[in-house]
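So the structure is just underneath, and the comments pick up after that.
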Amino acid sequence: MSKLLEVKDLKVSFNTFNGEVQAVRGVSFDLNKGETIAIVGESGSGKSVTSNAIMQLLPKPHGYVKGGEILFEGEDLVKKSTSEMRKIRGKDISMVFQDPMTSLNPTMKIGTQIMEGLIKHQKMSKEHAKKRAIELLDLVGIPQPEVRMKQYPHQFSGGMRQRVVVAISLACNPKILIADEPTTALDVTIQAQILELMKDIQKKTESAIIFITHDLGVVANVADRVAVMYAGKVVEIGTTDDIFYNPKHPYTWGLLGSMPTLDSAEEELFAIPGSPPDMTNPPQGDAFAARNKFALEIDKVMEPPMFKVSDTHYAATWLLHEDAPKIEPPASVQLRMQGFANTGNKVGDQ
Amino acid sequence: MVRYIMRRVFYMLITLFIIATFSFFLMKLMPGSPLSAEDKLSEEQKQIVLEKYGLDEPVPVQYIKYLGGLVQGDLGISFHFDNTPVSKILMDRLGPSLQLGAQSLIFGSLLGILLGLVAAVFHNGALDYTSTIVAVLGTSIPSFVFAGLLQWVFAVELGWFPVALWGSFEHTVLPTIALMIYPMATAARFTRTEMIEVMGSNYITTARAKGLKESEIVFKHGLRNSLIPLITVMGPMAVGLMTGTLVIEQIFAVPGIGEQFVTSIMINDYPTIMGTTLLFSIMFVVIILIIDLLYVVIDPRIRLTGGES
Amino acid sequence: MAEKEKYNSQDVPKDLLVPVKESEKDSERISGPSRTFLQDARRTFLKNKIAMLSVFVLLVIVLFSIIGPGMNEHGLDDQDLTRAKMPPRVAALENISWLGFDGTLSDEFEGNDVEQATQKAVQRYDNNEDFVDVEVLTEGDGSRNSAEVKATYHIYEAKDMQDEYFWLGTDTLGRDQWTRIWLGTRVSLAIGVIAALIDLVIGVAYGGISAFYGGRVDSVMQRIIEVLIGIPNLVIIILMILVLQPGMLSIIIALTITGWIGMARIVRGEVLKLKNQEFVLAARTLGTSNGKIILKHLVPNISGIIIITTMFTIPGAIFFEAFLSFIGIGIVPPDASLGTLINTGFENLRLYPYLLVYPAILISVIMIGFNLIADGLRDAFDPKMHK
């Protein structure tokens, strides 16, 4: 498998009235062709900023890439000019946004909004683009696409709108599809439909997907690999099996532990106390230390490096140091991990 | 939709009826009659004059006749310009006023939209500040002060345009500029605020993610969505224009409705005052109705859900 | 994942690889002091330099409208035709001629030759040859209007009033313009503020009742508004003025007779919006009385928009007063307002521009000031603008 996208030590900052906010502080991961990687974290962990940086859609002039590289097929997107970037956006890399209610232009017909990208990138004729748009609407499961083409967003339900957004992002057969919390704003039943749709489409188009979410339940369902982000850094990365059956970082434990499951009625949820740190002034050492039940003294002075767990699995916590006290995940999380294994909640395929 | 229009027209008629009634009885309360200027008349002559204006009958009868006349477009006879029906006086003077109003509304709003657009696109830049200053000055400085300045500089001192009166296109330039400042400033302010908000919305990000050019985003996605709410301020703009015509026409001696109105107030020509009042009101309610309908037609969200807002 | 290689195990202080004691954790610490919404709004407003400058300028204008007329011995209606149309003259500034406070009239005159042009100038200036300085601009060649002279008329000396100082000159009836301008400002400001306050009271009461009680009450009150809104305020104001005795009171009545409608609609809209919000429903659920809900929840939340609307109403009312006075149906002489002064100024624009310039500047500054303050307040009450 060849590397389609490589993010290397990416740093993104925002200038605000309170000073520089270091939203992303050195994120590295890669993405192979046809693969789905999930980026998981709380709000404010920098996951959306990372995706916007890949698209080079950081809000100007406040947001900027401070360092690092984003290599797409070997070329650094950070160094691309605006017009070069425009040729990539929507064509090679496209994006599905969180809120389907506001991400469509309310005064433009659905069909036109889908056709725009086709005419732009594929130099299609209007007629041709119309045909393709109808195909796309059909592909994302919108009935009567010919009629729907001529309608406006407010005539669609939330789930249907998100299907339209997916159709727009798929228009030019992108190599990478970034989905920024595509199901968060939707009802649970609709969420499942959209997830199914995306998996289905991936099989057909072989696009790679970067799936951004705060919901581990969704991750188990769709991702091949998972990167857990905290305070602008990747704290643990591995295959979905690694993260669910053998999590190493206390933050990942927290995320898994705070996820209710069907049989969690008698169990205690393992909550993470407090809230994420202020990114204008990131704490010294491990940013998670203040909220970490298992924090070590060293966390306050030194940032943990990425420790290798296996060839696919890395985590940034001092607990993995050979001299560190051996700490097992809390009982409730262990139970949960076992649960995942036992119920055969096999990851990736269903 | 049809029901909506019917309802609106019904309210419109009630409003006009109230204005007509109100102005009729107010005028009855007023001191002065067509006779006051002609004191020396004999009783018989007075009787003739009163009969001519229908003032010899009891007030309720006068009122009914007045309303009956209105329905047929008869606004009565002027006290001053003998035997001239008010409707004729107004028709004769409608042309210049409409021309001035239309010119200043069109140029004013186009220029205003452009200013607002530039300000929003170059948000926080020098152009933004310039256009904001223009907008604040334009909405603040009274139109008659501005008209005086224009007249002084471009007509009296520089002699580029005629000082006053009506005739060629040159005559319309200064009054049009004086009148269009207010709609221009209002449109500029409004467009800027709306545009900045729209350009920060999610669907603009979607458009960017499609790889569209910034200019395509501004014009195809941004502008249309910013201009729809602009229709709502067209009503106040029209009122501003009407108020403006009164003084602007006076300053530049334009033979329009506004100048006529001020003159009839000065000489207590009640039938003409009432007629003008009614004409202004009709224009106003019709403009408001058109604006509301325009809004329904242009914004797909309202059109198809049947008045969701 | 590049870092994984960089880390060198020698550097790690192994003695620190021990768990942290529970007590030392401070994860629940709240950073930064908390501020209420109004404190935030006030802070934002005070930081707005343009708005603060406007407040300062308006305060100065208000101050002068109070003390200005008393600063010299001239009265509002001291008519004296012998000293009519005197140009501005200020003691300390009279030697700096370009400021226009040196108490002279000057203009350029054309003639076939210098002599004719001079003659025209002298004629124009009361035939007081002794007090007219002539400066030749163009000699001329005898053809029509080829010569040009600049004449300066020392009118104070000519009228033997060297000791008089009319700071902003006198009007056509010899009344001191300074006194009249500040008295006029007083009238204009008073009309603006009073009209805005009346609009506020009626509008808030009407809109509030309509929205709070809802149902049939609201329905009837809204139908009334729907009819009234169709009446152009210009028409109603002019009709009212014609019927009432002209003067300040009539103007205020005329301005407020339909002026409150805007406020009523805004207040109704806001109350309707708030009424169904969770925090009001929560208060209801907890059994809070209507009065308390209005006082504790509704009033604080709509006060911002009420203040902003009022601040925009004031310049509107000042403009309308000036407008009415300008077309001749506002304030009646000998009382003055900025509108009447501008009107007089227009009549004498060509010969005595100073009669128009000062009241025109003053009213513009007042209008700009109020609009900028209102803008500043709007920003201050907008949570998005809080920094």
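Note that the chains are named A, B and C in the order they appear, and that numbering of residues resets to 1 at the start of each chain.
One rule holds for everything that comes next: a contact is a pair of C-beta atoms (placed from the backbone, for glycine too) under 8 Å apart; a residue touches a chain by one contact, two chains touch by 3 or more.
Bear in mind the structure is a predicted one, so any value in this text is a computation, not a measurement.
Via touching contacts only, the remaining chains, with chain C excluded and nothing moved, are held together as one piece.
For the pairs A-B and B-C, the count of C-beta pairs in contact is higher at B-C.
Computed centre separation for the pair chain A/chain C is 53 angstrom, with centres defined by C-alpha atoms.
One finds 55 Å separating the Cα centroids of chain A and chain B.
Mean C-alpha position of chain B lies 24 Å from that of chain C. Against chain C, the residues of chain A that register as touching in their complex are 8-9, 17, 26, 28-29, 237, 273-274, 278, 289-291, 294-302, 305-308, 314, 318, 321-325, 327.
Of all the residues in chain C, the ones that touch chain B in their complex are 226-236, 238-240, 242-243, 315, 319, 322-323, 326-329, 342, 345-346, 349-350, 353, 356, 360, 363-364, 367-368, 370-372, 375.
Across the complex, chain C is touched by residues 11-12, 14-16, 18-19, 22-23, 26, 29-30, 136-137, 139-142, 144-145, 148-149, 151-152, 156, 239, 242-243, 246-247, 250-251, 261-262, 265-266, 273, 277, 280-281, 284-285, 288 of chain B. Chain B makes touch with chain A in their complex at residues 201-203, 205-213, 220-221, 224-225, 228, 299-301, 304-305.
On the chain C side of its complex with chain A, the touching residues are 1-4, 6-7, 9, 12-14, 16-20, 25-28, 31, 387.
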